[in-house]
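Each of the next two complexes has chain A plus one other chain: chain B in the first, chain C in the second.
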Partner chain A sequence: MGKTKDELYSEMSDAVVNMEEELSAQLSNEAVESGYDAFEAIDLGLAKGMEQAGRLFDDGEYFVPELLMCADALNAGVEILKPYIKTERQEKKHKIVIGVIAGDTHDIGKNLVKLMLSSAGFDVIDLGRDVPPSVFVERAVQENAKIIMISSLMTTTMDGMADVINILNEKGIRNEFKVAIGGGPVSRRFADQIGADGYSSNANQAIKMANELVGR
Partner chain B sequence: MDVFSPKERLQKTLSGETVDRPPVICPGGMMNAAIVDVMTKTGHLLPDAHHTSDKMSDLAYDVYENTGFENFGIPFCMTVEAEALGSSINFGSLECEPKIQKEVFPSVKDVTFLPDGTIANSSRAETVIQAIYLLSEKYPEIPAVGSLTGPISTAASIVDPMIFLKQLRREREAAHKVIDYVTEQLISYAKLMADNGAAAISIADPTATGEILGPKIFDEYAVYYLNKITDSVHELGVPVIVHICGDVRMVKPQLQKLHSKVLSVDAIVDLAMLKKELDNMPAMGNISTYLLEFGNADTVFKQAKHLLSKNIDILAPACGLSTSTPLNNITAFTSAIKEG
Partner chain C sequence: MPEIIFANEQKTLSVTNGTTVLEAARQLGIVLETPCNGMGTCGKCKIKIGSDYFLACQKNITENITVFTENKENENKTLQILSGGQSCSCQLKPFISKQFDGEKTVVYGGNSALGTESGDTSKSCYGITVDIGTTTLVVAIINLSSGKEIVSESRLNPQSTYAQDVLSRIHFASNHEGLNVLQNVLIDALNEMIGTLSEKAKISTKNIYEIVYSGNTAMLHLACGIDPKPLGQYPYLSQIHGGEYFTALKLNISPFGVIYLPPIISAFVGADITSGILASQLYEQKETILFIDIGTNGEMVLAKNGALAATSTAAGPAFEGMNITCGMRAGNGAVERFCINNDGSIDYQVIGGTRATGICGSGLLDITGELVRQGIIGKSGRFTSQKTIDGLREKDGKKVFFVTDDVYLTQNDVRQIQLAKGAVRSGIESLLMKMNLKKEEVNRIEIAGSFGYHLNEKSLLSIGLLPPEFEGKVTFVGNTAQSGGTAFLLNVDFRTKMLNVASEIQKIELANNENFEKIFVASLGF
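Right after this comes the complex of A and B.
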């Protein structure tokens, strides 16, 4: 007698937490072969593991390298299960445009936030690094995004965050988007000052914040 | 009349001797004070000054003269090393510092190992070394600090950082090989800086933080390779400053293993407390760059006095300065320290 569905999901979750890419793929194949619902296998198996990884990150047990490896294990499984998701189960995902504001040197933090949000079921559109304020607005309109997320690593570029909000105001579309900011030098106080809707100090907290912003 | 020249004061402080008051410096690299206010006043502008030693030394002198920092700190970016090793660079503008356009390798396993001295002999490094030479010859009483991008950050500037960070765990052997290669390249560059008059070498390694790497990987890679560079430079009799970004709470025991003469940290760290916890380790820092940019001169002055009262060994900005920092905030900081 093989394992039960719950046991399989729990093993899938563990494979993600333990950063085991191959095992995650293998267990996901097992889920497909057993005829389990692919959406459920992601939701109750793989994604649970990623949630756990996020908690370990918050607790200072896991750091960036570990979180990235967990995400690889998650994605290895998702790639296998994705083709089997029944279309009616594919809920409409909330769209987020994310990018690093003009001038910044690197984008490790932004990539991490993107990865965590994708794993939590958001459709994340990455504008990359060195993104001018006007492009954040243009793309958010084009993509019909719910949230604009702006990251900055240097105080030099923090003014650009306020510019995004100013442009939204000028165009009279401020209420159509939630604006969230993050990054090394950014603080809650700064977010309040420029009138941003959300602030997160780390990648895992960003999930909670994004959920709140879209009312999930 | 000061008892010590700025160079004597810095060197004595770095060798643990008592001086009249702590030096106030800005070491260059990520932490440089080439702000727009200074450049527009003197007309020596970035990004031009990244490229010729005359312009670089002129701007370094302008910064020294106008800000009140008691050193020359060059270069004005963190891209010299990665460019020499193959990555493409965007040189930015007057307001915006240069950055890596694209890391040249997708993985630590794809790195092409160039001959030793590739950084040291590159045209960018030559500009920096020549500028150090010019400044230290012309102004022997002012310390020229040569700023180096740390080994982890340089490695993460030639290999895609998201892949690189995973490979620190997954491909340890290949990762060590790449960081060791980068370290050797940095050592020969630092030695040339020292040979040409650098009074100190400052290493900033912003990718190597406790928050990003965690204590184990910080120990295995950052501490080991930072010490390797530090030891090589110390052999030449030139002191090393190491700057660690971010919150260091997770890596305090590891910080104690660093061989540098002084440890510089971010504004989030309570420097007086850290000093106490690390057996009175010499500490540098850490006026908030946020305060310097957005605060007023009065508050900056008071905060500087507060730091001074905590027996911090060297006063300096906590992190990279914004290029739009007002000059009078910086002079409020430096003058508060100088009047003792």
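Right after this comes the complex of A and C.
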């Protein structure tokens, strides 16, 4: 077809930004047929598109629905490419445990953050909602996670976030994990008050924050 | 100890070093807007020291300072609070009755004697309805012999000084001390209002025998001194169920006066909605009716041939003008109406007829609705580049719509409105699904609440808070929490009736609906 590899990757990226699920799948098939490295096609093609979508979100150009549709397009491509990733190229992903704090069942924001982090190459383990502070710690230890991420939409449940940090301190394992928090009523100031390592006000910023926390 | 002077309020306080200006203001009872509860994120508690501006919640007092607040002293006078609402006709049969036996007058509550008064006082028999809103209080004195409202007054709920939104207030009252503070400031305010109102009506507070508390569930917990903590934690359970009486000893009425609490539907659907159901007689209508109270929490009831389902959605404070760059409450200076004419010129209306200083909820919905209608804001909520209009200019590199040179709407503001209207719309969609109804099957939409009263149907449809199928079916029914509360006061039979109605309402918790996220996301667009 006379399309160079770079041109194909760039089209894949555009398909994600433009929320074109079918096109993304079709171009990913093309990448497989052309014998390109699947890991590279995700990294330099699809994921680049998602990065761009995140920037548009930051600029106010895109909103939640657009971001979700971009993610759908990304995942349509990833599904096709995944089986072709050579095992030696599967780099070890940083693990994050994420959940909504005990007492709170509002999880739309958390789900969006999870989606963005997964698309940015993190291995995200979702603990769900109404998660007791002790469970955050147990699961983080079990999974050998790098970051514990806690979300809350209700002022009335925010104190539970501090409890997670207290438990880590009591167990003497505070230094083994980074703790990051977010959600409607949460602020940078509150994060500082409870001694959290990271705070993000939206889903796209969460990627940047997570990268900084793991030193990427 | 450094001293702080609030110049406009002419109040002074000595504080320990490091106290914030906000804390000092709260101690003095000075109201500063704090929708973010002192987190330093919303910017609404701006104050002036010298020629510099600071956030009161972030500014520590380390030396003697003089602070200028935005002048709020007239807010209670100019704030638009609606006290009347649609009501049902009812036979006069109050809980309280009086009988003169030739010597003394016996006061009855139902069939039991509450107390006696010397002489013949049977002609003087009054009751009060109170709508305890998160933001506003409305108190009305009703003549129980004639059924007529004599006087009424509204003002800001003084609890907002301590914590502005419902959840912050629940949080504040989660310990004994906080609960006491909030209950006491409320009772002080009610007593003050009862005092001025009875003076105005030329009646004695001793002749007021019953108070009906209408309000949302959290406010009723605080008013009755009941721990609200469980309301703020899943599974969000109310500690009181209403349909009950409390003594009114702390209130400045007859020593044997009582408080009646109408039935409460759930943690987030309170007695104010029960009052609304009563005022609208939803349980008796043959039609399909959607009743919505639009506010920080959008509470709604769907009635299909008398069967009712209720839910509430977290719309957030955007409709009160909070979390919006130029947002403000509906007081003097707020743009409350806005429209774009066919020739592209704009018209707007400012409360008090003054220079525009901000935008209140109804103005926000009008501006957004008109910009959507004109295609300046696209379906996805973004300022498009295809169409332009006077006022659409760049500010700090981003597109902004200027109503005046100082008052404008940003892209982020539009996003906040999308979240708020998306929450209400997804609540509507969920209720319709639950009752197996199509949108076109709804015969009437009743919008209640003081905020709702200032909205117009066109804007609600343009922004998609309501679906297009509702066009021409919207009525604004006013403060039904108040009018329904009065109905409870005037006819005791409603109390047993509504206890049944409330217990039979299907209560829907949106968080437990697996499809809610999909519905919510689909409801965000215009």
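Note that in this section the second predicted complex is superposed on the first by the 214 of 216 C-alpha atoms of A that agree within 3 Å, B and C clash if a C-alpha of one lies under 4 Å from a C-alpha of the other, contacts with A are read in each partner's own complex, and residues count from 1 in each chain.
Definition applied: a residue touches a chain if its C-beta (ideal position, glycine included) is under 8 Å from a C-beta of that chain, and two chains touch if they have at least 3 such contacts.
This one's a predicted model, so the numbers in the text were calculated from it and none came from an experiment.
Peer 1: Quick check on the superposition: with chain A as the shared anchor, is it clash or fit for chain B versus chain C?
Peer 2: They clash.
Peer 1: Report for A:Asp72: first if it touches chain B alone, second if chain C alone, otherwise both or neither.
Peer 2: first
Peer 1: Looking at A:Gln142, would you say it contacts chain B, chain C, both, or neither? Reply first, second, both or neither.
Peer 2: neither
Peer 1: Output check: A:Asn29 vs chain B and chain C. Expected answer is one of first, second, both, neither. What do you get?
Peer 2: Neither partner.
Peer 1: Touching A:Gly60 in the superposition: chain B (first), chain C (second), both, neither?
Peer 2: Both partners.
Peer 1: Is A:Gly184 in contact with chain B, with chain C, with both, or with neither (first, second, both, neither)?
Peer 2: Once the two structures are laid over each other on A, A:Gly184 reaches both partners.
Peer 1: State whether A:Ser134 touches chain B only (first), chain C only (second), both chains, or neither.
Peer 2: After superposing on A, A:Ser134 lies clear of both chain B and chain C.
Peer 1: Pick from 97-105, 115-123 or 475-483: which stretch of chain C gets in the way of chain B?
Peer 2: 475-483
Peer 1: Do chain B and chain C touch any of the same residues on chain A, and if so, which?
Peer 2: 60, 62-66, 68, 102-106, 108, 111, 130, 154-158, 184-185, 187
Peer 1: How about chain A: which of its residues touch chain C in the complex?
Peer 2: Going through chain A, the ones touching chain C are 59-66, 68, 102-108, 111, 130, 153-158, 184-185, 187-190.
Peer 1: Applying the document's contact rule, which stretches of chain A touch chain B when the two form their complex?
Peer 2: 19, 60, 62-66, 68-69, 72, 102-106, 108, 111, 130, 154-159, 184-185, 187
Peer 1: Could you please specify the touching residues of chain B with respect to chain A in the complex?
Peer 2: 78, 90, 92, 95-97, 99-100, 156, 161-162, 165-166, 168-170, 207, 211-214, 217, 245-246, 250, 289-290, 293-294, 319-324
Peer 1: Quick check on the complex: what are the chain C residues that touch chain A?
Peer 2: The contact residues of chain C facing chain A are 36-37, 39-41, 165, 167-168, 170-171, 174, 229, 231-234, 314, 316, 380-382, 398, 410-412, 415, 418, 511-512, 517, 520-522, 524-525.
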